[in-house]
Amino acid sequence: MKESIAEQYRRVRELSETLSGPLATEDMVVQSMPDASPTKWHLAHTTWFFETFVLVEELANYEIFDPAFAFLFNSYYNAVGPRHSRPHRGVLSRPTVEQTWRYRRHVDEAMETLFSREGAEQERFESIVEIGIHHEQQHQELLLTDIKHAFALNPLRPAYSEGRITKVAVAGALAWVAFESGVRRIGHEIEGFAFDNETPRHRVFLEPYALGDRLITCGEYLAFMDDSGYERPELWLSAGWDVAQGQGWQAPLYWERADDGWRMMTLGGMREVEAAEPVCHVSLFEADAYARWAGGRLPTEDEWEAASGNVPTEGCFVESGRFHPCPDARGDGPAGGIPRQMFGDAWEWTGSQYRPYPGYQPPSGALGEYNGKFMSNQFVLRGGSCVSSRTHIRHTYRNFFPPEARWQFSGIRLARDEA
Amino acid sequence: MKESIAEQYRRVRELSETLSGPLATEDMVVQSMPDASPTKWHLAHTTWFFETFVLVEELANYEIFDPAFAFLFNSYYNAVGPRHSRPHRGVLSRPTVEQTWRYRRHVDEAMETLFSREGAEQERFESIVEIGIHHEQQHQELLLTDIKHAFALNPLRPAYSEGRITKVAVAGALAWVAFESGVRRIGHEIEGFAFDNETPRHRVFLEPYALGDRLITCGEYLAFMDDSGYERPELWLSAGWDVAQGQGWQAPLYWERADDGWRMMTLGGMREVEAAEPVCHVSLFEADAYARWAGGRLPTEDEWEAASGNVPTEGCFVESGRFHPCPDARGDGPAGGIPRQMFGDAWEWTGSQYRPYPGYQPPSGALGEYNGKFMSNQFVLRGGSCVSSRTHIRHTYRNFFPPEARWQFSGIRLARDEA
Amino acid sequence: MKESIAEQYRRVRELSETLSGPLATEDMVVQSMPDASPTKWHLAHTTWFFETFVLVEELANYEIFDPAFAFLFNSYYNAVGPRHSRPHRGVLSRPTVEQTWRYRRHVDEAMETLFSREGAEQERFESIVEIGIHHEQQHQELLLTDIKHAFALNPLRPAYSEGRITKVAVAGALAWVAFESGVRRIGHEIEGFAFDNETPRHRVFLEPYALGDRLITCGEYLAFMDDSGYERPELWLSAGWDVAQGQGWQAPLYWERADDGWRMMTLGGMREVEAAEPVCHVSLFEADAYARWAGGRLPTEDEWEAASGNVPTEGCFVESGRFHPCPDARGDGPAGGIPRQMFGDAWEWTGSQYRPYPGYQPPSGALGEYNGKFMSNQFVLRGGSCVSSRTHIRHTYRNFFPPEARWQFSGIRLARDEA
Amino acid sequence: MKESIAEQYRRVRELSETLSGPLATEDMVVQSMPDASPTKWHLAHTTWFFETFVLVEELANYEIFDPAFAFLFNSYYNAVGPRHSRPHRGVLSRPTVEQTWRYRRHVDEAMETLFSREGAEQERFESIVEIGIHHEQQHQELLLTDIKHAFALNPLRPAYSEGRITKVAVAGALAWVAFESGVRRIGHEIEGFAFDNETPRHRVFLEPYALGDRLITCGEYLAFMDDSGYERPELWLSAGWDVAQGQGWQAPLYWERADDGWRMMTLGGMREVEAAEPVCHVSLFEADAYARWAGGRLPTEDEWEAASGNVPTEGCFVESGRFHPCPDARGDGPAGGIPRQMFGDAWEWTGSQYRPYPGYQPPSGALGEYNGKFMSNQFVLRGGSCVSSRTHIRHTYRNFFPPEARWQFSGIRLARDEA
């Protein structure tokens, strides 16, 4: 039976608490870089979203928890007013974590009042609540992504979770799955939730192409490194070469050279790099350079989506409470002509810069700022990673980050032109 | 009769001298910002290109003019060796302008020796010479673009040319020219010169769309400014808003508020802004914000190219020795269902980020660095401006600049989705 | 009876805990700017000092609490090894506050073992312990200074302490106390503790001068502001003008314009500015500009010290557990020919850049880095503030900060030349 | 017979032309870093000084050459109005060099009109003209200093002058010249020209000290380098260590490691470093680190001036038209108890930060900005270099630069405390 919106709300809100469980109060305060946010901020910002876009609009007599929070926890909605500077989220010790939990409870209780209403009254705000739920799920992924970054910067190298975290390997040499040319339909269909940037569904023409049948592994990436991949400008986009040189990149983020090989930071702490697992935490620039070195290229997002049509999106994700290891029948089974590891392993950099689909219209009002205004100088990632929420694992989901971003769980799939 | 490669070479090389004619020695030394280059550098760099890629390869016993120039005048070819830092081109007083002219003559004489050879021997290097010619033409446009920037920064506001420079106006209200959906062919066909990034010709699918039948005028852009266009974040891409606020943009580059209205810097010095002329020197961010304000959007480069098929590319350009005013039958004639002002007025920002065409292959060797490695975080411009070379005015030419660039002669054409 | 070194140790160590008492765990983690440090870091760094310079040297079998702390909590001692980057202290969530307290207890217990030894053995390390105690007292002042800065940045404006914090006012118009020319002796004499930079005692010649008999008040400083003090470059040092313009200074740090006048952040939260209280949180540049506007100048540190000879240093300070309000018989009594408010009100900027005294010799080893290596581009402050430790309030103490620093409790005393 | 003010004016103005003689037009336009200025700017700015402070005030009917020049060639006089941004002097191609020469002639002719007047009328402005002359002499030194920097940055390494430029060596091991304690008089006496910052003459007390009897040589400095002087933080001021690491200092400015030893850029081009010549182009930070390594320290400016009393200031300087080699009886003669090489070899870093003398009063009006407002975060240099003007070589002259400045002709003299 389909989960009600109230049930979804409760489940997702509770997961945020579960994900914060392993963290000390101190962990929830720090911001390791301007792109990352403190856990405390994620918890409060997602709550502010419901308060601002649902409760204030829908619930008569709703009492705002603290008017100052509108300034502190607005991320980028210009239409809603001024905002606290993003790079300074980590200098805020107040509200405390305890106050943040109280804020969440205050909002959750008011939401229950809303959910207890019936009929048309409820339907009216369901779509906003649904966006809020998906919004919180996005921040759950960021919460894990950001705390990994903070822990990696700490010389004490704390572990978020106990036990070894392993990415699932797929056996065998890389094979190619070919696709014929023709007009394809891209973008979200009417059924189920999607963000505005996945619409409208539209036609594209694809020339013949092929995709690698699995993600690039750490072992393959090591071969690129051993072949002086980081020292050969001819392999790199010019802007990528500049940033790689300027920041001294020599390996994926979180990798460290040890006496006996490479080690890397994971949510379970430091461990050795495994040759067979998918490489992760590379930038678009590194993914692009690797692809050039390997004689291929990155897929466009249209190619990726068109190819993913028959690939099931099952896996294990954040909601399971265990973001790893992914049980992966996908990994072991026969490829059978479809690419594997498309969902829930690592976000896959595409060669497409993030721009609107033909006919795209952002919603009116503040929620129109959700996606559209970021459509410059970002590249699209597809598929979802091991820390993505289950419901974000879909064929049409468009994630996007600047080409130098490395702290996301981002990996590489190859493509090539076919005759 | 078709111009021989030697004739083309002589004509283009001479034009560089002609364009430098109005400049004092001092003007040819300065660099007004890291993105711009001194005139002297343009003159030497284009010469170095022929020396390095043609003479050293083809002419036995060719004597390099000065080995140090390889370091000084290499712009970005990693394969050819290390380079002098771009932002510091303006601190080099030597070689002097006189030495630079001698360098040009040295290379021109050696080129003549090559041209005097016959048959297969010559054909072998013709394609490289052709690239060098087009390369020098690109730098002729930059030479004018860069000196305009330098003169605009100088409080004395020198004029490059005498007489008033006027952009050609097109009469009447903006009309829309509609195009139906379907598969179109995009990219350069076999005939004539093209850069690698214009190839291969390939198919795309276009949903129904319409283009404005002329460029946006200064008067229309003033209406956007008067409607607080620069103060309303909801009109802007997020990154554009940040740069506009950070740099205090209030109008197009080169515009200045005077007591009696707006004035602007031109190659002919300061003059008042004319309402009917096309707006120029706007960034992609401004073009995009204007389009959103006007209820439209920017065309994709595919839409633009598909729409330009029947538009003639006649005009007056740099080669004429007069980069203005453009005699413009185009402007006055009846629109007749085709957009006007597509060629030679102002570069038109498209909404497409600059990425390779399907099947794109850069040439091998150093010339492979010409275009491909810049394919991130830039937007495509189409059409050519009043300072573009005649032979660069073609349907498939892909110009590209970062979205914040304003010092190019870049303007706005609107597009919209059709039902 | 003189306090033993062990008693001093216990008293000062306990005060650090007392001072941390009002803080939430979250407060102890944040770093509001590169110059400031988290409370947690102050608590651990002062502990690391005893561990490194006393316990490791003196106590056989001492077990280091955590070897990684040497990297995390070394502030600037190059001789002791590499250090964690200062600007990134606020990204460290671990060790937690609780671990930090355990670290302190671990070290305190080992120190007690040392203290239980007798005779020559103990004397040998007493001087290092004494430095460690004074070092921790310096960090107690910084702890308060830094948390004030962090709270001031937080839009919620938390208060560190309850109740109104008032700086003590001195009644009456500013009077001048004159001093004759002659040779004076400056620097620490043999008795009591002093830092190396206060030695050796030496002779200076002073031309005739006079000092203001009290600190400049907020009311007087407001007159400077009202007279366009922040808009008149002729009043400012050139470097000061640049920083004031660049950072938009319009008033002392922590002042905010309200509808009904100026308000300011204190350790007790926001409150209105009082005209009679000493102005505080001004930079050297502001103090110097004020003095020029007022027709005077800042005193040199030699003038200040020579004038302070007969001024008693009693007051109330951090050790009292109440850093405010200062009971101030000093303030109310007749001036009697001596400047008042010299000790324990606000650090007084002098016109002297911080350089070594003639004959100065830093100690050998790591402690030689304590003071000497900071002797460039800083100005000396004298006297001590309301958050200074009692034992740092002495005639020869040399505090020093860069001329743009404002977050210290720094105020203004005038001087002038006499005929 | 004493040179008249008009004769001085003509001589100094002509020297600026002579010094510009070896330069190409292009050389006179470039600015190699924000601290340096183009030759053209030096020539115009010194002319603007006479126009603004003398002609506009004194000569009825004087016609300003170009009103825009007041904006372009004001260096830092806030009282005179707004200024063109210093770091952008090198982007100005206009006025051209030829226009600048015409500007100079225009002003020189008007000055002659003034000089032709007689008696009281002339005396009234003589002191301003005298400042203007000394001001131009300061810029003559900067002209040479700045063009050396520009040529050193140019990979072609042009030479300003033909022939080898040699700094004069002093034979023998370093000896110490001791001075007793006591009250000394420091500062300019009534006779002859001096800048305001050299006054008033006042008393200081000096503890016993000694000075090295000559400058530190390149050979001695090489011993410091070979002893890892640039890798040992304990030798450095903390701020110096940071800048040395941040900028990768490994040797004095202009030194380059060659296969067969060290070479350096001079005004005569590149040549090998000579062990016996004085080391030059070191920062205060390097001078201070060297002194610490050598077991000494830098002299204070009071010590330096007190010691220089009996040292003659003869030498060869810019006015001779040959800024080198310095004929140096000073160098070869017996030391006879006085330090040698105090004047005209290299500016000598002192350990004194640049602050006003007791009783210092800047002049009123714009010329009050000449010296006083730079009195923070600079160190005093004494003695004058081989490119200083003859009349700037005096016992009381106070030069000043930030401690990281290296492009001046700055060297090292040791001092030490005596018992």
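Worth a mention:
Note that the chains are named A, B, C and D in the order they appear, and that numbering of residues resets to 1 at the start of each chain.
Basically, a residue touches a chain if its C-beta (ideal position, glycine included) is under 8 Å from a C-beta of that chain, and two chains touch if they have at least 3 such contacts.
The structure displayed is predicted, hence computed values, not measured ones.
Both chain A and chain C are touched by no common chain. When chain centres are set by their Cα atoms, the one at the greatest distance from chain A is D.
Inter-chain spacing, taken between the CA centroids of chain A and chain B, is 38 Å.
Centre-to-centre, using mean CA coordinates, chain A is 59 Å away from chain D. Taking each chain's centre as the mean of its C-alpha atoms, chain B lies 47 Å from chain D. Shown for chain D are the residues that touch two or more other chains, of which there are none.
In summary, the structure contains touching chain pairs A-B, A-C, B-D, C-D.
Residue ranges on chain B touching chain D, taken from their complex, read 24-33, 40, 68, 71-72, 84, 88, 90-97, 150, 153-156, 158.
Those residues of chain A lying in contact with chain B across their complex are 76, 78-79, 181, 183, 202-207, 209, 233-234, 236-241, 284-285, 288, 297, 300, 351-353, 355-356, 358-359, 368-369, 373-377, 379, 403, 417.
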